[in-house]
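Alright, structures below, take your time with them.
There are two complexes below, and they share chain A, which is joined by chain B in the first and by chain C in the second.
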Partner chain A sequence: MLDAGLCNYVVISYGHNAFSSDSMMKMLMDFGGDDGVFGQFGAASGYAMAARRAMHTFHTGPETWKHIAVGERKWANLNPRAMMYKRKMTFEDYYNSRPLVEPFRLYDNCLMTDGGRAIVITTEERARDLKHRPAVIMGMGQHNTATAVNYSTHLAGPTGAKKSGEMALSMAEITLDDIDACEIYDCFTYTVEINLQSYGFFGPGEGEDWLKGGTIEPGGRMPLNTSGGQLSEAYFMGLTSLSEAAMQLMGRCGDRQLGPETNTKAPEIILCSDSGGVSRCHSSFILRRG
Partner chain B sequence: MEYNKPLPKLNADSKPFWSGCREHELRFQKCNKCGLIRWPPSIICPKCHSRDVQWIVASGRGKVYSFVVYHIAYQPAFKDDLPYTVAIVELEEGPHLLTNIVNCSPDDVSCDMPVKVMWDDVTEEFSLPKFEPA
Partner chain C sequence: MSLKDKYAIAGIGYTDQGKVPDRTALSFHLEACANAIEDAGLEKEDIDGLICYRHFPAASNENDLTSYEVAQYLGLTPSYLSQDAN
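So, the complex of A and B:
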């Protein structure tokens, strides 16, 4: 629309009172049609089903997911806007959190949040005149596997991240090696693992080895969900990740800013993802510093 | 005691399946053109788009494709069942069916475990296909 000259600025916004109202739960309770006949409710159900099949297919489980829950929490502890800003989490805390829909524990689940986010998109030419140095969209890709969890015969992945990631990298004319940080849709810890795996950061079952030692944490070699993500900052659907990527590239992230402040590489390129419908659809965005 | 859990919402596609369940038969559509046995029910074959279809009765045997264990009752009527197991069963004939694993502790359920259908006659109108270890 911008390229075609149909408009000059596009605002993408999201707002919800999901924490203080029951609207999100009501929406999720009605999501599964007749699934409720068998007691299958909510968003965790489908992802937990996928995660269990993955545990059967390759090496994964709580020992892998704890690195994602704790890693993201460390970023949230640097972000005053995060719901979990003042609450630390250890591996022990993770293991001690109560089971909800197994194989998931409480700390495998994202937050419900009152709040909102918005992004303004315009042309590079107009962005040059604005107050902040912009983040530039280098590449985008979308792939919808379109199969519902109940009927899927490839429940252990790969997800749409595989093809949408290839499309976005190709459009940006870069490879995964050029990515400095990731902002990945994280409705559950496992969602992060299966999408990183589908992008090709590691092979099936290599997630625990790849994540351990603080890979995604402050000071790590591949910082991930640097606001705390949906697990520890706030749930704003795809805008949690996209807005954080843009803010990081603009250098507006304060104590959690990638670069010398957090003993990480100052980012040139960040990969973002969004997914929906319990892995039925997936979008990838690659942003660079303007 | 009155049954207070959700019941299937019938439509033109799903009615033959649930009528079969009332007679303790697992009925699925089989495409007369390409042979695909499909679920959920639909007016055309998702593989070859043929409308030519017959209903077959499945054996009721299969294996657990995946499963989850609930420790929270999002719907109050399930509170007394906690912890309960929801599974996707891969039937011998191919379809994946969402169901419960019963007569088996959640700790003893595993992927690829062989299971067979059992019938839970919950109301006058509905029998629910659930599965137990084979």
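So, the complex of A and C:
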């Protein structure tokens, strides 16, 4: 509606008392519909089924996902706002966390959060006159691949990240090589892997090799979910990733700021994603420093 | 026409987060929006669009939460309102 001239300044808002009220549980209990009688309810069971199929199709599993859980936790340990700020996690802690819905352990799952997050979007020209150096939207894309996971013919990917990523990169007139950091929707660790794979950062089954050695951690070559993400900071759907990307590009992230503070490249361009359902719909955004 | 480089994020609003008991979902929306507007250096009168994330089932002791309610309590009169379904 900005482009149609209907609006000049738009606020996008998320607010929920998911941790302390029964609202999120009501939503999750209804998530699988009638499949609840077969034991499939909540979001974890659908993603667990997809992850299990992926484990059958290509090389993946806890050995790959531990790098995502621990890597994001290291970022959270630099972010005083993060729910897991003071709680360190080792690979051993990851393996020792209890199974929730196999193959997922507790630490493969995102958080439930009380809180809110909002962003203001306006034209690049108007943004230049405001308080902060803006985070400019270079490209965006959306692709919805399935009705529901039960009916999906592509359980092991690619997800909507593939096409929506191609659309966003094409609009931005860049390639994946130009991306300095990622803020990826991470309801589960596996969600991050399958979406990075679908974007083309690595081939099917190459995730473990790509991730190991601290690729996504502070000091790594592709910092990812630098607030701690939804696994270790807070769950605000796509606004966890979009707000963090904007804050990083504005240079307002303190101890977790990308650049010399964290022995990483000062970011010019960050890829963000949001997804819904169980790999059902996917949005990609590419932001740059204004 | 391409949307490249035409729009930007200009402000971010945070709230307390984690385990924050005795707060309604609405209160978190209101606080986050107010903080984002202030962070951008704007006034509420400047805001003419409001998009709220997912329409969750209301908690047992709360009313249904819509973007109309968020706008009303913030004192906004936006030209465009929307909220994710479901």
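The rule is short, and it goes like this: the second predicted complex is superposed on the first by the 289 of 290 C-alpha atoms of A that agree within 3 Å, B and C clash if a C-alpha of one lies under 4 Å from a C-alpha of the other, contacts with A are read in each partner's own complex, and residues count from 1 in each chain.
The criterion applied here is as follows: a residue touches a chain if its C-beta (ideal position, glycine included) is under 8 Å from a C-beta of that chain, and two chains touch if they have at least 3 such contacts.
The structure displayed is predicted, hence computed values, not measured ones.
Asks: Superposed on chain A, are chain B and chain C clashing or fitting side by side?
Replies: fit
Asks: Between chain B (first) and chain C (second), which does A:155 come into contact with in this model arrangement: first, second, both, or neither?
Replies: first
Asks: Check whether A:98 is in contact with chain B, with chain C, with both or with neither, and answer first, second, both or neither.
Replies: Touch partner of A:98: chain B, not chain C.
Asks: Looking at the overlay, does A:234 come into contact with chain B only (first), chain C only (second), both, or neither?
Replies: second
Asks: Quick one: angle from chain B through chain A to chain C, Cα centres, nearest 10°?
Replies: 100
Asks: If we overlay the two complexes on their shared chain A, which of chain B and chain C does A:175 touch? Say first, second, both or neither.
Replies: neither
Asks: Once the shared chain is lined up, is A:37 touching chain B (first), chain C (second), both, or neither of them?
Replies: After superposing on A, A:37 lies in contact with chain B but is clear of chain C.
Asks: Going by the contact rule stated at the top, is it chain B or chain C that touches a larger number of residues on chain A?
Replies: Touching more of chain A: C.
Asks: In the superposed arrangement, which partner chain does A:263 touch: chain B (first), chain C (second), both, or neither?
Replies: In the superposition, A:263 contacts neither chain B nor chain C.
Asks: Who does A:3 touch here: chain B (first), chain C (second), both, or neither?
Replies: In the superposition, A:3 touches chain C alone.
Asks: Is A:90 touching anything from chain B or chain C once the two structures are fitted on A? First, second, both or neither.
Replies: So A:90 meets neither chain B nor chain C here.
Asks: Least CA distance chain B-chain C after superposition, rounded to whole Å?
Replies: Least C-alpha distance: 18 Å.
Asks: Considering only the defined contacts, which chain C positions touch chain A in the complex?
Replies: 2-33, 35-37, 39-42, 46-54, 56-62, 65, 70, 78-80
Asks: Which bits of chain A are touching chain B when the two form their complex?
Replies: 25, 29, 33-42, 45, 48-50, 52-53, 55-56, 98-103, 149-153, 155
Asks: Contact residues on chain A for chain C in the complex?
Replies: 1-3, 6-17, 19-24, 26-27, 30, 81, 83, 113-124, 126-127, 130-132, 134-140, 171-173, 234, 236-239, 242-243, 246-247, 287-288, 290
Asks: Spell out the part of chain B that touches chain A in their complex, as residue ranges.
Replies: Those in contact with chain A are residues 5-9, 14, 39-40, 65-72, 74-75, 78, 81, 83-84, 86, 88, 95-96, 98-100, 106, 110-112, 128, 130.
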